[in-house]
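What follows is a group of structures, each given as C-alpha cells.
Two complexes follow with subunit A in common, the first pairing it with subunit B and the second with subunit C.
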Partner chain A sequence: MSHNSNDTGHDHTNREKENVNSRRAFFKNFGLAGAVAAVGGAAIYSGYKYEESKPGHDMVKVLTSDNRIVEVPKDQIKDVRVDTDQLQKQGREGLKGHRFVMVIDLAKCRNARKCISACQGAHHLRPYEYHINTLVMQESEHTAPYFMPKPCQHCDNPPCVAVCPVDATFKRQDGIVLIDNERCIGCRFCIAACPYSARLFHWEEPLMAESDKGKPYNIELNIPQRKGTITKCLFSSDRLREGKLPYCVSACPNGVYYFGDENQDAVTNGTTKETFRLSELLRVNAGYQLMPELGTKPRVYYLPPKNRLFEFKEEKDPVQETT
Partner chain B sequence: MASEVNTDFLHNKKLDSIAADILRPVGITQGFIVWMGFLGISLLACIYAYYIQFDKGLIVTGLRDYISWGMYIANFVFFVATSLVGMLISSVLGLIGLKWVKPIARIAEIIAVAFAAIAGLVIVSDMGRPERLPYVFLYGRIQSPIIWDVTVVTTYLVISTLLYFLPLIPDLAISKGRMGHTPKWLQQTYEILSVKWNHTPKQYQILMKAVRIMLILIIPTAFAIHTVTSWLFAVTLRPGWDSSIFGPYFLTGAFVAGSAAVVILMYFVRVNYKLDKYLTTHHFDMMGKLLVLVSIVYLYFNINEYLVPGFKMKTAEAIHLHDLFVGEYALMFWSVQLLGLVIPIILLLFKFFRKPFPMFVISVFVLVAAWFKRFIIVVPTQDHPFLPIQRVPHEWMVYHPTIVESAITMGTIILAVIIITILVKFFPVIPIWEVAEEQNELDSKTKE
Partner chain C sequence: MIKRYFSLLLIVLISLRLSAQVWVVPAENETRKSPFAFDDASRKAGSDLYYTNCKSCHGEPGKNNAIPLVPPPPDMASAKMQGNSDGAMQYKLISGRGPMPSFKNTLSATDLWRVISFVRSFNPSYKQEIASASAAAGTSAQNVKIVLSWLKETNQVQASISGVKDKVNQPLAGAEVKLFAKRYFGYLLVDEPRTTDALGKAVFNFPKDLPGDSTGYVQLVASLTNDVAFGETKADTSLVIGVPTYRPPLTEKRAMWNVVSKAPIWLLLSYTIAVFGAWGFIIYVLLQIRAIYRAGGRKEND
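On to the complex of A and B.
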C-alpha cells in the first residue's frame, strides 16, 4: 500500500515523543507498583545467581528501582510479594483514559506465524491453542485467497460478556475484554456466543500447569492458565501496562499490525515502529471490521488485501500432519 | 376441582376396595430389589465415569473448542423438556375440568419431579469447574440467561414437588391403617408425612385452595423454564440457533416428549401393578389423542423452523440445512422426524394404535427420538462457525461422543429412573381419595 511514505519522517519524530510521553504516563499512573515489583524481582534473581557462583559471601548486589547497584546482606533479602488482590483490581479496571485498537493490514500478511508463536509462548499455550490464529480466507470462488490473522475482536458490544453468568469475562474501560479464570465456572456459554471463535477452553491440564503452580494469578496475562476454564486473547494488557506493544504486534516481521489508542487517534506499526493517524489509515485504505452486521462493534480493523506484498502460498497444515 | 368438599366418600364402602387395589403393590418386593440392584450397580459405573472426568477434565469427552456443547447440553434440554408434562396434564387439563386426567395426574407429577430434579445435575456434568457452582449464586449476573434458567428450574422443581406432595397427604392418611403388608419404617414414614391429617372438611378446603394456587403458578413457571432454556441457544448469533420461534418450538416439543414419558410410565404401572381398572383403555385413548395433538403442533413449528430458512438459503443457514437434510446428520435428522413425529402422528389417528400396548411402543419411539432431536438442535450448528476451523487437530473439528461421556449421560437417566421407581413403589401411584370422590359422585348421581 502506498500510504504516507512522505510523512514518515514527520511521524517518526512524533512517535518518539508520543512513546516517551505515553510510557511516562503508564509508569506514573498505573505501572509504578508493577514496575517496581518487576525490577525488584529481576534484581533479586540476578543477585541470587551472582551469589550462587561465589559461595561463602554474605552480600548480594541488587539493582534498585532508581537504577543504582547496591549491596545487601544475603540474609536480609525477602521475596517481593506480588499482591493478587492488587493484580485483580488493576486488571479489572484497566488503563484509564485509553481506548485500545488494533489494525491488521491483510496486504502484508504472508502467514509467517511469528505472531502466533510469540503469543503462545507468552501465554503458555500449546501449538494448536490459539489466542490469535492466521486463517486462509477466500470470500468466493473467483476471488483471491489471502491470510487473515484473527485475534479476539474486543467488541464494544461483546456477546460473550452479555451471556457470562458470573462476571468472569468482562469489558474494561480501555476497551479490552478479559477473562478471570479464578471466577470462570466453565459453562462455555461465551464460546457459544462468540461469532469470531475467539475463545478456547482448557479441556485438560494447561501446557505449563506444573511449572506455573503457585504463581500469583495475573489476570492481564491469564497465567497460571487453569484446567476447566476459558482463555482468550487479552490484547497483551500486561504489556500495555508497561507501555509496550502486544506480543503478536512486536513479533510480526512483515509490518502487518498497527496498535494504538483510539483516544489519541494514533496507531504504531509493530515492525517499523512508525506511528500513524488511525482515522487517516482507515480512511485511505478503506479499513473495515469483521462481520459488522452482527452489531458486535469490534475494536479490530482490517485493511483489505489489495496489492498484496507476497504471493499466496498455501502450506500443508503442520498440526493436521502430526496428528 | 370443587371448592366445597363433600367428604362422604370416606364412608363409602368402595373406598376400601380402591385403597386395597392401589396399596397392594406398595412396599418392597423381590422384583423391586432386583431392579434397584441393577440400577444401583449401573449407576456406580456411571459415577466412576464422572470421577474420571472430574479428575482429567473435559478432555475425556468428545467436546473441543468448536463443538463445545454436546451430549450433556442436549441431555439437559431433554430433561427440562420431559419435566414440562406435569404442568400440561395436572394443571392445564386439570383446570379445564377434564375428569379423565385425575388418575394420571400423579404419574405426570412424578415425571415432572424426577426430570426437573436431575436436570440441575445434568448441567453440572457439563461444567468445567463443577466445584464453582456456588459462584452462580454468589456472583450471578441477572443479564445472563443461565441465571434465569437456574432461577426458574429451581422454582419449577419446588412447585412440582408441592403439586406431587400436597394431594398425596390425604392418601397417606387413608393408607395408614391399611398397610399391614409393608415394612414398619414405611408405615412410620407415612405417619410423619401425613402431618396429622384427619380428613376434616376444613383441611380439604385448605388443601384444595393451596393446590389450585400451585396449579395456576406452575403455568407461567413451566413456560418460563423451557422458553429460557431455548434462549440459551436463541440469544446467540449462530445460524441454526438464531431463531425467533425457539421458545414455542421448544415448548411444544417438550409436550411431545413428556406425554410420551407419561404413557410409558402409565403402561408399566398398569401392567406390573395390575391397575387396569384405574388406568383404563379410555385413559390410553385420551393420552393418544393428546399426543397426536401436541405432535401436530410440534410438526407445525418444525415446518416453520426448517422451511423458512430453507426457502431463503442464506449462505451459513444453507450449509447447516444441507448438513441436516442430506449431509452428515441426515440419517439422524430424518429418523427423528419420521419415526419420532410423522409416523406416530399418522398411526395415532387410528383408534387401534391408541390401545395400551401400541401406545407404549409408539411412545418409546417418540421419547427416544425426542432425545436425539435435542442432539440435532444442539450439535450441528456448531460444526460451522462463521470463520473457518483451521490448523487444529482432527478431533477438534468433529464431535464423537466418548464412552465416558455416554456413561455420565446414562447415569443421569438412571438417577431419574431411580427417583421414579421409589415414588411409584413406595407411595400410592394413583390418587385414592380423588378416585373415591369421583366414584362417590357417580354413585349419588345414579341413586337420584
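On to the complex of A and C.
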C-alpha cells in the first residue's frame, strides 16, 4: 500500500495527457460522425421523396364516407381506432339530468316475446339467454294467471353493486346499473345478491364471440360479450344516448312498455309512442314495484293486470313457436 | 283417420271464426279520400314510412312474409288488403285493433295518406279518386303560422293561428290545434285538442305541476290536426311555465354501493381504523421484539 502511494505523481501526469488526447480524438470523431449522419440523412430523405413521387405505388380503392371511390397508397392506410376510453368514460358517467324509469303494463302482455328477441339481437345473446324473463304468475289457486316480463329493476339502492369486489358493476347518475365485462372477474357475488334474479352468467363462449372479436368494447351495449363474466339488462343505454327508446320497449307489439324520465314526469309508450304523465299513470292504475320491502328502490314499475286485453293461454302460442 | 278429419274440421272452424271477425269501418270513414294525388314523391315517402313502421309485422309487400300473428297481418299486395277503400285503410291505421297498433300518434295525417299511396302502388288496377276540391277549399290555407304565448293570470297557453286564405293573411277560425310539451322520448299532450275561435285563437289549460328544466323552461310544440289542408305547420317555443326542476345525480349521495370516494363516512372511518390498528399492532410487536433482542445483546456484552 505505501509503495503505491509514492508513484502517484508520475501516474497522474501521464493519465492527464491521455485524457487530453482522448478528448481531442472524441471531438474529431464526433464531427466526422455528424457529417456522415447529415449526408446519409439527406440521401435517405431525398430517396424517400423520390419514392413518394413515383406513380407506381401499390394503390387501393377505398369508398369514402361521402360515397366516392378514391385511390390511396396501400402503405398509407391506417386502421381507424374507436376511442374506447371515451366509450368507458361516457358509459360510467351516464346521461346528465335524467332519471330513467320503466313502467310495465301487465294487462297488455300476451307473451309475444318480441321484446326478448329484440334484446337478444341487440346484445348478441342465445335464444335461451334472457335479460328479460317472462314469468307466468298466479297469485292464488282461484285467481287468473298472467304474464310478467321482468328485466333488471335498476335499483336506486342496488345490492349487486354493493357486493362487487372489483367495481365492475356500477350505478350511473341517470339511475342505470351497468356491468363492465372487462373488469368482471366472474365471482358471481352480484347474482347471489340480486333479489330479482336479473343477472346472467356466461358459462359458455358467447353466441357471436368469433365475429365480435377485436370490436371495441362498448360498456353500454355489453358487446363483445365475454365468457366467464356477467351480462344483464342495460336499459339499452346506447339507445337512450341517442334519445331513442330501448330495444325491448320499441319492439313490443302490444303496448306493454312505457319508458321515460322521472325528472320530466313523463313516460312514452313504445308501441303507440303516446306520452303520459308518469305520476298520473301510476296513480290512476295503482302502479307498484317488485318487493319494495327489501329497500332496493327499483326503477321499474308495474301496472296490475286488470281488464286484461288477452286471454291467458297456457299452450304455446304461434308467435312463441317461431321465435 | 278420424283424428285427422277432426283436426281438419277444427282448422276450418277456426279459420271461419277468424274470417267472421270483420273489421267494421264506419260509413263516414269508408268514403274518405286523399286530398292530394298519389305521385312518385308520396310513394317514396310512404315506402320509407312503411319500412320503418309496418314491415316488422306485415313483411315486404308481395312476398307473403308477414309474421304469423292471430289474426294474420295481410300482405300489402293481397286482394284482402287492396279490397279496402282508401278511407277504410286510413281508419284502420288510425284506430288499430288487437296486435295492430294505432298510428294516430305516430304518423301525421299526411303521412297516413303517403303510406296508403305506397300500398296502392302494388295494385295495378287501382284508380285514385281525390277528395273533391270544393270540400277542401273551405278549410285550407297557405303559410300557416302558429304563435304561442302564456296567459300568466290563468296559467293558460294561447295559440294564435293565422294563414293566407283567399289571398289575404288572416286569422284562421275552426282549426283544431294540439299542444304538446316536449319530453325526452316524445311529446306529452298538455290539454285536450282545441278549435280556434273567430279570432284564430285557442286557449289551453296548462298544468301547474309539470316539471321544466332547472330554470323552468318547457319546450312547447303546437300543430294542427288537419295538416293535409293547412300544411305541416308546427310552432316550437320554449316558455318559462314549468316547475323549475333540479334533481341531483343519483350517484351523489354516500352509499354502500357507491365508489370509494362516496362511501359512507362510518365505513371509511372504521375501515381506516381497522387497517391502521392491525398494522400498528404488528409494528408494535416488531418493536417489542427488537427491544428484547437489544436488551439480550446488552446483557451478553456485559
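The rule we apply is simple: the second predicted complex is superposed on the first by the 235 of 323 C-alpha atoms of A that agree within 3 Å, B and C clash if a C-alpha of one lies under 4 Å from a C-alpha of the other, contacts with A are read in each partner's own complex, and residues count from 1 in each chain.
Here is the rule we use: contacts are C-beta pairs under 8 Å (C-beta built on N, C-alpha and C of every residue); 3 or more make two chains touch, one makes a residue touch a chain.
Predicted model, so just to flag it, every value in this text is computed and none were measured.
Superimposing the complexes on subunit A yields a three-chain arrangement in which subunit B and subunit C fit side by side.
When the two structures are aligned on the shared chain, A:289 is found in touch with neither subunit B nor subunit C. In the superposition on chain A, contact of A:243 is made with subunit C only, not with subunit B. When both complexes are overlaid on chain A, the residue A:175 reaches subunit C alone and has no touch with subunit B.
With both structures placed on the common chain, the touch criterion links A:195 to subunit B but leaves subunit C unconnected.
In the overlay built on the shared chain, the residue A:133 is in contact with subunit B alone; subunit C does not reach it. Judged by the touch definition given at the top, the superposed model places A:227 against subunit B, while subunit C stays out of reach.
Looking at the shared chain after the overlay, A:167 reaches both subunit B and subunit C.
After the two structures are overlaid on chain A, the closest C-alpha atoms of subunit B and subunit C sit 5 Å apart.
Residues 159, 162, 167, 317-319 of subunit A contact both subunit B in one complex and subunit C in the other. Of all the residues in subunit A, the ones that touch subunit B in their complex are 128, 130, 133, 135-137, 150, 159, 162-167, 183-189, 191-193, 195-197, 199-205, 227-229, 290-291, 294, 317-320, 323. Interface of subunit A with subunit C (complex): residues 94, 96-99, 112, 156-159, 161-162, 167, 170-175, 243-245, 251, 253-255, 259-268, 271-277, 317-319, 322. Note for the complex: subunit B touches subunit A at residues 56-59, 61, 63-66, 68-69, 126-129, 132-133, 135-136, 138-141, 143-147, 150, 232-233, 235-238, 382, 385-396.
Those residues of subunit C whose C-beta lies close enough to touch subunit A in the complex are 56-57, 67-70, 99, 101-102, 104-106, 180-181, 183-189, 209-211, 213-214, 245, 247, 249-252, 255-259.
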